[in-house]
Each structure stands twice: as C-alpha cells, then as structure tokens.
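Following are the structures in question.
The same chain A turns up in both complexes below, where it pairs with chain B and then with chain C.
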Partner chain A sequence: MSSDSQEPLLQVRNLRAVYDSARGPVHALNGVSFTVSPGEVLALVGESGSGKSATALSIMALIQRTSGRVTGGEVRLGGRDLLTLDERGRRAVRGSEIALVFQNPMTTLNPTRTIGAQLREVLRRHLPLDRKAADARALELLEMVEIPDARDRLKSYPHQLSGGLRQRVMIALALSCDPKLVIADEATTALDVTTQAQILRLMRRLTTESGTAMVVITHNMGVVAGLADRVAVMYAGRIVEIGEVRDIFRAPRHPYTAGLLAAIPRMDTERSKDLVTIEGRPPSLLDPKPGCPFVERCWLAMDKCAVQAPEPINPQTHSAACWADPELVRQGPRPLSPELTTTGAKELS
Partner chain B sequence: MTWYVLKRGGAALIVMFVVSLLTFIVTRVLFPDPAQSILGGQGETVTPEQVAHLRGQLGLDRPLSVQYFHWLGDLLQGNLGRSFRTPIDVSTAIYQRLPVTIELMVLALTVAIILGMLLGIAGALFRGRIIDGVSSTVSVLALSLPNFFVAILLIYVFALKLQVLPSAGWVPLTQDIGQNLKFMLLPAVTLSLAYIGTFARYARALMIGVLSEDYVLRAHASGLSPRSVIVRHAMKNTSIPMVTVVGLNAAGLVGGAVVTESIFSLPGLGTLFTDSILGKDFPMLQGLILVITIGVVVLNLLVDLAYGLLDPRIKVS
Partner chain C sequence: MTSLDKGLTMGVDDREQTAPAPLLEVDDLAIHYRSQSRATRRMGYAVRAVDGVTFSVAPGETLGLVGESGCGKSTIGRAVLKLVKPTAGAVRFDGQDVTQARGRALMELRRGCQAVFQDPYDSLNPRMSVGALIGEPMVVHGLAKGDAVRARVGELLELVGLNADMASRRPAELSGGQRQRVCIARALAVNPRFIVCDEAVSALDVSVQAQILNLLHKLQRELGLSYLFIGHDLSVVRHMSDRVAVMYIGQLVESADVDEIYANPYHPYTMSLLASSPVPDPEVERDRPEAAVRGEPPSPTNIPPGCRFAPRCPFAQDRCRQEAPAYAEVEPRRWVACHFWREAKAASARAVPASAAPEPTA
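After this line comes the complex of A and B, so read on.
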C-alpha cells in the first residue's frame, strides 16, 4: 500500500453484477467505474434501481447474500482486488477496512441482543481486545457519536432507542475499527428531517477528524451539496456522469443530471408552477439494449444514441457518458416531443 | 417482568377454573346416571331401590350446582374422589402413573426439539441444495407417518427381528435407569417422530426468514464469521418463535402419548385413560381430564414465561 495521497484508496473498475430473478438475470451493474481518494467524500446518486445499493454490496462482496452476483470488474482497495480475495480475506476487510452503514436503523440491529454486545462482538472480531477493553472502547464509541447516558445505553436493547439514536449506534459500529472507507447506503433516508441533518453533520465531522473516506449513497441532492466533495450520477447500472460537486451543479454534462438538477424545487419557485420531472421510466435491466440507456427519455437524443453506447466516463475528471454537445445539456431540459423521440432527432435550440 | 408473570399466572388461574367446570359438565353428559352404570356393570338384576340408594350415597340426588361445588371443594383439598372400578383413590392412581407419562413426553419432546431444529436449520442453511431436499423429505415423511404404524414397524425391527429392545413393559426410573431407558426408547422415538417433522418444517421456515433479515446482512458486513452470524444472531432469533411452536404442539403430545402407551403397554396416564373409558369409571376420567388439562395450561404458562426470558421486547410491554 502506498502512503501517497494521490493514489486512490478505492478503485472500482468496470464492475458488473446481476441479480437472479424468476424472469432471468437482471443486469444491475453494467460497467461501473469510479475512484475514491483517502479522506474524500463521494456521493453516489440516482433513482431507485439505478444500482447504488448493488454497487455498495458488490464492493463489500456481499451481493451474493441478496441473490445477486458479481460478473466482472475489479474492486481495488489499496492495491488488493477484493473480488479475487478468498472469503476469509474478505471477512477480514469487512467491518475493519470498509464499513457499511445501512439505510434502516430499525432493522439492522439484532432486536434480541444489547447494543453493547453487538458493538463488543465487532470490536473483538477485528481488534485484539479482551472483554473489559472492548467494553471500554464501546463506551468511548457511544460517547463519540453523542449518545446521552452512553453507559446505560450499552445495556439497552435496540427497541429501547429512537431511530436517530439507533443510527448513531450504527455509525459507532461502522467507525469502531477505524475503517479507511465508510459506505453510507441511504443512511439518513429513514429518519425525520431534523434528525437527518444531525446525523449528516455527525458523520461529516467524525470522518473529517479521522480522515476516513466516504461513499454516500443518496437520492437527495441536498445531501450531495452539503456533504460530498465529488458526485457520481448513476443510471441503469452505469455511472453516467462524475465530477466535483460544484462543477456538476454549475454545469451538468449529462442530460439525466441536468434533469435531476432541474427537478429540485427551489425556495423561489412559484407555488402555482408544476415541478419539473423527467418524463418516462428507466429501461428494463432484464435485457439491456445497445446504445445509451437514457435515449428514450432524452430531449437531445440523436440517431446514434439508440445504437451506439457513449464512451464510459473517466473517473479522474469531470466527465459524462453522452454524445450530446455539453453546451446544449447545460441549457437545461426541454419537453420531449413525440415525433422527436421516435425519429431520434437532434438539436432543439 | 413481575407484572408479566402475575398477568400470565392470573390468566392461567381463570382458565383452570373454566376447565374444572367443563370437565364436570362433560363427564355428566357422558355419564348421565353413574349409579345406573356402576350397578349395571355388575351383571346382576338391579332394582330401582338399589339405584336410588347408591345415588343418595354418592350425593347424585342433589342439584348439579351443589354437586359441582362439593366436587370443587374436595378438589382444592387434593381429593379427586374414589375410582368406581378398583378400590383406589383417583389422586393416588394418577400420582402413581404420572411419572411414566411425564418421562415419555419429556424424552419425546427433547428428541423432537433437538433433531427437528437440526434438520430444519440444516435445510435453511443449504436451501435449495441436496441437504435441503433430504431434510424436507425426511421431515414430511416423519410428520405424515401415523404413530401406531411407526410403533408396529419399530417393534417388528427392533424387538422381533434384531431383538435388541423390548416391545412392551416398564421398569421404574428410580429402580434402574438403564433398563428404564431401554423400555422407554421405542415409545419415545415413536411419539417424537411426528414432532421432529413438524419442528423441522417450522425451524426451516423461521430460519429462512431470519437469514433474510437486515441485521444478518449487517452482521456479515461487520466481518463476522458465518458461524458466529448463525449462532449469535440467527439461531437465537429463530429459537424465540420456536418456543411457541413447541408449546402449542406439546398440548397435542398428550393425545399421542395415550396411543403410544397403549401400544407399548406402558403403565402411564394413557393406559389408565383408556381403561377408565372402557370401565365407565367417571371419577377417574374426571380426575384425568382435569390433571391433563391443567398440565397443558401450566405448560403454556411456562412457554409464556420462557418467551419473556428470551425476548427482551416482552419485558417492557
């Protein structure tokens, strides 16, 4: 492993995964590539089914536990390819080098065991601690995530804690073994808005203090703006655009990103005006068609788009997988006209 | 927890009272005129005077409500009356035979819980593979074979052909444990078989449910070994609802015990029960029904309490 800060911590290259369903394999990930540098916060955004969680589970090599499997690609963490490690090696990485914070804190803690027991178990799995030392460390962790009456809480069962407190416990659990990377999969979606903000601030502060990198999976653009350094936009199992947060907010290069940004309601939006939406639905992932997956919903679609997939993104810079002129994308979404979608015509301006 | 115990205990007391009332009514419906039955059973010509005399002796000429409270009063003092058939107290007879039935049930239940859970959990862990298929086949077979048939099969193989185990008889546990278990083995296996199948089916379904829970995936994501995930997370959460399954089935176990005891001539409550029905021995039947029902109620109470101990969520509610 290199201590050079330029070297990415996590390198995901051309990751492919499928979920087996009754109607055949669902192609959940179709060549996902991105990098995360040490200490960096990368946001992974996209709508439901775009492959955000599949990406997280594939990186953890846990996707096979949810009836899916990785079919190709690389996940390099500090030089090692996690996908070629044996199960024993992967277990040593999980929870200790990469930790996952799940979406729903109500269901991710075992209801029949105390908070303390569940923290201690993970601590002792990865660190050479005896019971007493593990107890002390567990207490420290609960105090670190600002849980009141931490000592009593160690003996509490999950149902005795509120959702916000439980998610704090999950964060303590994730940070317990000083991981290099934390993947937060919709970590605040299940919480109410005020609690969301508190949890996000806490995560940001703790990871900044410890220099831990984060992959934040969300469909909330507010979370992206407030938390992330870079953002990767996912669509139909691909990353369609990646770049610095401010670059992407200022000048999106993929029509889908432009559509997402236009859909955010603003304080100065007139109440009577309808919110902007992206027409249509994502394509079926059962049998992916050649060409750009966004073609049917794109107001800039050209003949070429339907037959030839655009060049994949370059994870190092601000780039998008799109054939259209970036200047036209930047001007924002236009309504689709039926005759345009069928003929696949060109510029509108 | 104390409040929980009191609540459950109180409910059990009410059930027991209702049970005593029902027992009384049912036996009176079955034997509307016990005096006639007793005298008629002796094969001589009976005069109406004799019947009336016996009714007076037994207090059967008084109103039913008075008879009930009289009986209940005796009951609370541990007096269940005397058998019509043999010169023995009902309570003594039951007390002598109770240990046999309890031992049979405990053995059968223990075997069924251990083997059923193992079979079911193995099926769940290797879901869709050969082990699962074998486990499912064995458990469906076990629960669908009638227990008298299994008994005959076992007797044929182990007692007649191999001659390694006795087919009938009994030695008290206190006299010789080895001999006692030898006599108990075939009956216990016979009785447990259907429950092995039932418990295996439940354990498999419950375990599959638990394995798909988020906290199990989370435990894997924390890098725990599959063994600790299964033992510390999945098994515990599977065993909580299993307690209910076992409790519900234990009630039906009594019926199975009656049949099994008859086949293997074990001197337990089952054989006493069949003898009493055939002999129209209504005080004995009354006592037996009462003891068995109260036994089931107590068992359910114990299940509820075990549930409270195992599941932390119960304590606060």
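After this line comes the complex of A and C, so read on.
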C-alpha cells in the first residue's frame, strides 16, 4: 500500500518531548523521525515507556495537556508544521484532518448522551451540515462500521452497547469527518479475541476503501502482523528500527527487535524449551546517557556502543540504529553471558 | 515440558498407565450471583457466572483455562481458593472438600494452594517491605520465626531470580516484572503444591512476560508444582499447559491434551477462538480467512436456551437452540459439549483454519 513516489502525508522529524516529574524532566522522546504516506498503515510498537503514546500525543498537540511538552522537531501534515499552529488552528486539524481512537471507549464517549447526538455534534462542528443531513450521515457511519440495527443504535446510550460495539462507534466518530490520518492507540487491546479480530478486519477494510492513513500504536505483534504496512520499533524514546512489515518480521536488523520477536511464545514453539528473554530493563529516561540506549541489554554490544550513539534510522527504507553487523543480528539472540541465565537473576544488579 | 521432566504428569508416552489421583477435583461446580438490581432480582434473574463445570488437575500438571472476558474463568480460580462460595457442586483439594473447610482444615488448604494474580501493583501492600511481604505467610502459618524467616526470604528471592538484598525494598521501587517475582516468592513461602495463576503475565511487557513464564516452568520442574493457568492469550496458555480447557459463558465447552486441542479442535467455539487469535507473522495474518465467528458473547444474565454458543455457531441446528449439549468424554481424554462435534471436526479437518494448525515461522 505504501508507495515511494507519493509525497508523505505525515512527516515527523527529530521530535523531542519531555514529561516533568518530581525527579526532573523525563526525556520521553529523543529524536523521533518517520513518515506516513496517504493510505498507509504504520505501526508503532514497543514496550511500556518506549514513547509510543508520547509520539501520538505530540502529533495531536495534546501532550501539553498532560505534564509533558514538545521540546524540538517538526510534525508536518500536508506541508504544514502542526507544532507552530495556535490552539485554534490545532483544533481545526484535530477531528477533521487527524482523528484519534483510544483504548477505552467507555471513558471517551459521553455517558449522558446518545450515540446519535455525539456523532451529530462532531459532524456539525467540523462540517457545514444541517441537523437532518447530520442525522443521515450519522446513520451512514454506523452502517459503515457494520453496527447491526444502526437506526435504533443512534438512540442508544454508550452503556447499552457491548465493548465491541462501543469501539465501532469510536471508529465511526473518528472517520466522521473524513480525516486524512487516524491514530489508533491500543484501540483493540481491551477487546476479546473474537471481537478484536472483527474490529481489525473492519479497520483494515475502511482504510483500504477510504485511503485514510493510519498510525497504529500497539504492543501486540500479532495485531501488527495483520494490520500494518510498515513498522517502527521504539525503544527508550527513539525509533530503533523501521521497515516494511514483512522485512521486520522476517529479517529484523536491530537486536532489540530480534529479541522482542523471539520472546513471544508461538503456536509452534517447543514447550520444553525456555523462551528467549531480553535481560535487564530499559534505561532511565531521567538522564539519557550517550551511546546506544540498548547497550546494557544487547548481546552484540561493543565498546563503541556505550559511547557513541548509532546513526538514526532512515525513515525511507528498512534501517536500524545499530552499530552491529546485520549478519550477527540475523543469527538471533544469544544470552548475554553464561552466568546470566533466563531467570533474570541480574535484573537489578 | 516432557513427561520425564515432570515425573508425575501424564505425558504422551505413559498415557496407558493408570492416572495418579488428581490433586484438584472440581465437580459440577456452579456459582450464581444475585442480580444487583432489585427489579430484575424479583424476576428471578441471576448471573450464572459458572454453571456446571467439571475438571481435575493431576500432581505436577498444568491445566490451562482459556476463554473471553466475563466467561467465568477467574471465578473458577476464586472458588478453588475458597474466595467465593459455590452455589452448587464440589471442589476437592487432595481429597478434602474445599467448600466445607473451616479452621485448621482451611489453613491446610491455604498452605497447599496459593495464587498469583494479574496485577502485581494491586497485589502487594505498598507500605510493607519485600522481606515482610514474603515473610508474612510463613509467620501466619507458623512455619518459621525470627532469623529463620529472614533466611528463608533470602532463599525465596534467589529462587525467583532476585537478589537477596532486595528484601529491604518497597514495591514502589520495583519494576512490574520484579513485583510479579515478589508475588511468586510470596506464594511459594508456604511450600504450596498448587498455584492458581490468574492472568499472571497478562499485564507484563513481552520480554518480561517471557522471563516470568520461564520462571514458572523452572519452579514447576524443581518443586513439582501443579498450576491452574488462567489466561486469554492462546499462545501463552499453550506454552504453559499440559491440558487445556476452553470456557464459554460459565461452562466448559472442550478440554483435551494441549497438542490435541490446538491441532484438532472439536468444538466450534474452540475453532473460532483459534482462528481469531492474532499470530505474529504477516504471511499468516494476510491469508487469514474471514473472521470465523460473528457477534459477541451474550451477557451471562441473559443466557440463550439450548447450547450457549448456538447463536454464533456456524454448525448450529434447531436441536442446538432447544437442548443444551452435555459435556462428555467423547474420546479418551477429550471432553466436548456439542451435539454436532463430529460434523464440526470433519469440516475443520477439511478447511484447516489458518492458525489452528501450527504455522511454520521462518
């Protein structure tokens, strides 16, 4: 779905952000760069605290509503830098050009208003529609997200719907103004497996049909495999690897990606064998050290890695921010050293 | 886990031998909750969280229990631990009736059967040190005093892969993975034979999850533990279990040896669960057929008559909508609750859903 000739829709360049904490600024994003083409689905993956949600909040210019702020970089959507817009300009962009789908639809939907009223409100805020036209469009949207008995559902309150239906309503809200980009932050994480499969299929179909680009934030590699065209792997506030989904899964180039993929139990993993683990834990983001952030957990670490940060990734190709020989990464994870067994005895040494 | 490793389990090789006496037996267990609302209560509505569940776990064996949220799998775990009172049926641990246990017998039960829950942030008292948290169960059960407690805490910390000097820390200073290790050490403090792991790794990041799964395997090998491993991630449950039971709205629909049930599901719900689970492989995911099941599970307050899965089942006939199928052993060690399991089995053998068969990963 991605195409090299197309001008990227979203261009994030060297994005930096910090959160204020009692112990000083937490450097949540340390130079994040990537692009998303029209109609493309990019997955941002990584473990908790790696900067996935901070990236989404920064793009939406919502991070300053938390304890965070953007400290550098650019977020260009269709040529405009969103970070330099005033609040009025940002509000115009949010909803009509970029829309968000969050994990928990129960906290994002207003419990005191019907689904129809909430859809109508969003539609009329952003589009020149009268009440009747907005009603018609709301019905159309619910039908588009495959909600059964859509006409009756317009009169329902959020608590009257199941989790899967609520998430469908959220997707309908997100798509209501034909945005160019949808950011889905763990949008299927709270759902059951059979419901999740249905929602993923729906999201895939809608983006294909409407040409909407999507940034999918998830920690579930199965979801990534099914939904993404390209994948960006985040670690300690950086993108450590980016590439087409098949390349990332078949031939990861960063040791962290390789470790992450190897740590997932699969339907054909030999059960008597221990799973591959990544020992240790991510570095503190309170005072980032020079060098590669993964150095202490990497089985391929060299002296150079501790002092000199690797070249950042090139968002246009399959690339990794790593000094190691790609051939060694391909051979797969090894334990750090013999005394470091898989029990993680040195987790806090 | 091979049968050699675990000694007492029934592996493929020694299936012919007589089975050891089960450590845990759950017999026709039912747990109904009264409805919260007075109006519906008067109409006789109840939430049938668990409705006629039967299974057993042998010493050293892991039984995986899978199903979607709200199906009642955690409630079963709580009944085994005597944290909820069953409406009907029996739970026997080592031959003793759990539901009737009082006083000494209850203490014995608590020593034998421990639990590790999903959220290590909620399960540890933030005001207590790690050492006090792990030592407390020993003191409560009168297993050790003073210096002996301290020494045993150190041993347990090392056993779960933490440094002994972590005893002085508080939960807030630990990562999620370390907290879960402390929860496991605390469960092990009374030398239990059985641990209920209720979504014990679901809140953890992938790399930490792998560490905890390896630890649970190691402890089972070394201490001969039995687990009831409750989870919703089918790959994780497969990795941990010898046998797997699948639950749907308060009832078991199928159980079998792990390789059997994953390669050859007989119940249409097991098939759809397997077909819906995301697989971390783009080739498999892109070729995935249309979602095998439509709709969502009905609420346990409003259970359909007949088979509970019938409204969503591709094999359902009129009989399914009228008559609930019995949960029966249709082949040795294979239990199914379905009128038409033969037809379903034959159809699935023809179709082989994308993720039901183990997929090679490059």
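Note that in this section the second predicted complex is superposed on the first by the 332 of 349 C-alpha atoms of A that agree within 3 Å, B and C clash if a C-alpha of one lies under 4 Å from a C-alpha of the other, contacts with A are read in each partner's own complex, and residues count from 1 in each chain.
Operating definition for what follows: a contact is a pair of C-beta atoms (placed from the backbone, for glycine too) under 8 Å apart; a residue touches a chain by one contact, two chains touch by 3 or more.
Keep in mind that what you see is a predicted model, and the values were worked out from it rather than measured.
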After the chain A overlay, clash or fit between chain B and chain C? fit
Chain touching more of chain A, residue-wise (chain B, chain C): C
Which partner does A:H126 contact after superposing on A: first (chain B), second (chain C), both, neither? first
Looking at A:A22, would you say it contacts chain B, chain C, both, or neither? Reply first, second, both or neither. neither
Between chain B (first) and chain C (second), which, if any, makes contact with A:V224: first, second, both or neither? second
Looking at A:A197, would you say it contacts chain B, chain C, both, or neither? Reply first, second, both or neither. second
Distance of closest approach, chain C and chain B, by C-alpha atoms in Å: 6
Mind listing the chain A positions that touch chain C in their complex? 47-48, 162-165, 192-198, 200-201, 219-227, 245-246, 249-250, 259-261, 263-269, 271-272, 274-279, 281, 342-345, 347-349
Sites on chain C touched by chain A in the complex: 1-2, 5, 68-69, 158, 160-163, 166, 174-178, 181, 205-211, 213-215, 217-218, 232, 234-236, 238-240, 258, 262, 272-273, 275-286, 288, 290-291, 293-294, 296-297, 355, 358-362
Hey, which residues of chain B end up touching chain A in the complex? 213-215, 217-225, 228, 232-233, 236-237, 240, 310-313, 316
Contact residues on chain A for chain B in the complex? 60, 62, 65-66, 91-96, 99-100, 102, 104, 107-114, 121-122, 125-126, 157, 159-160, 170, 173
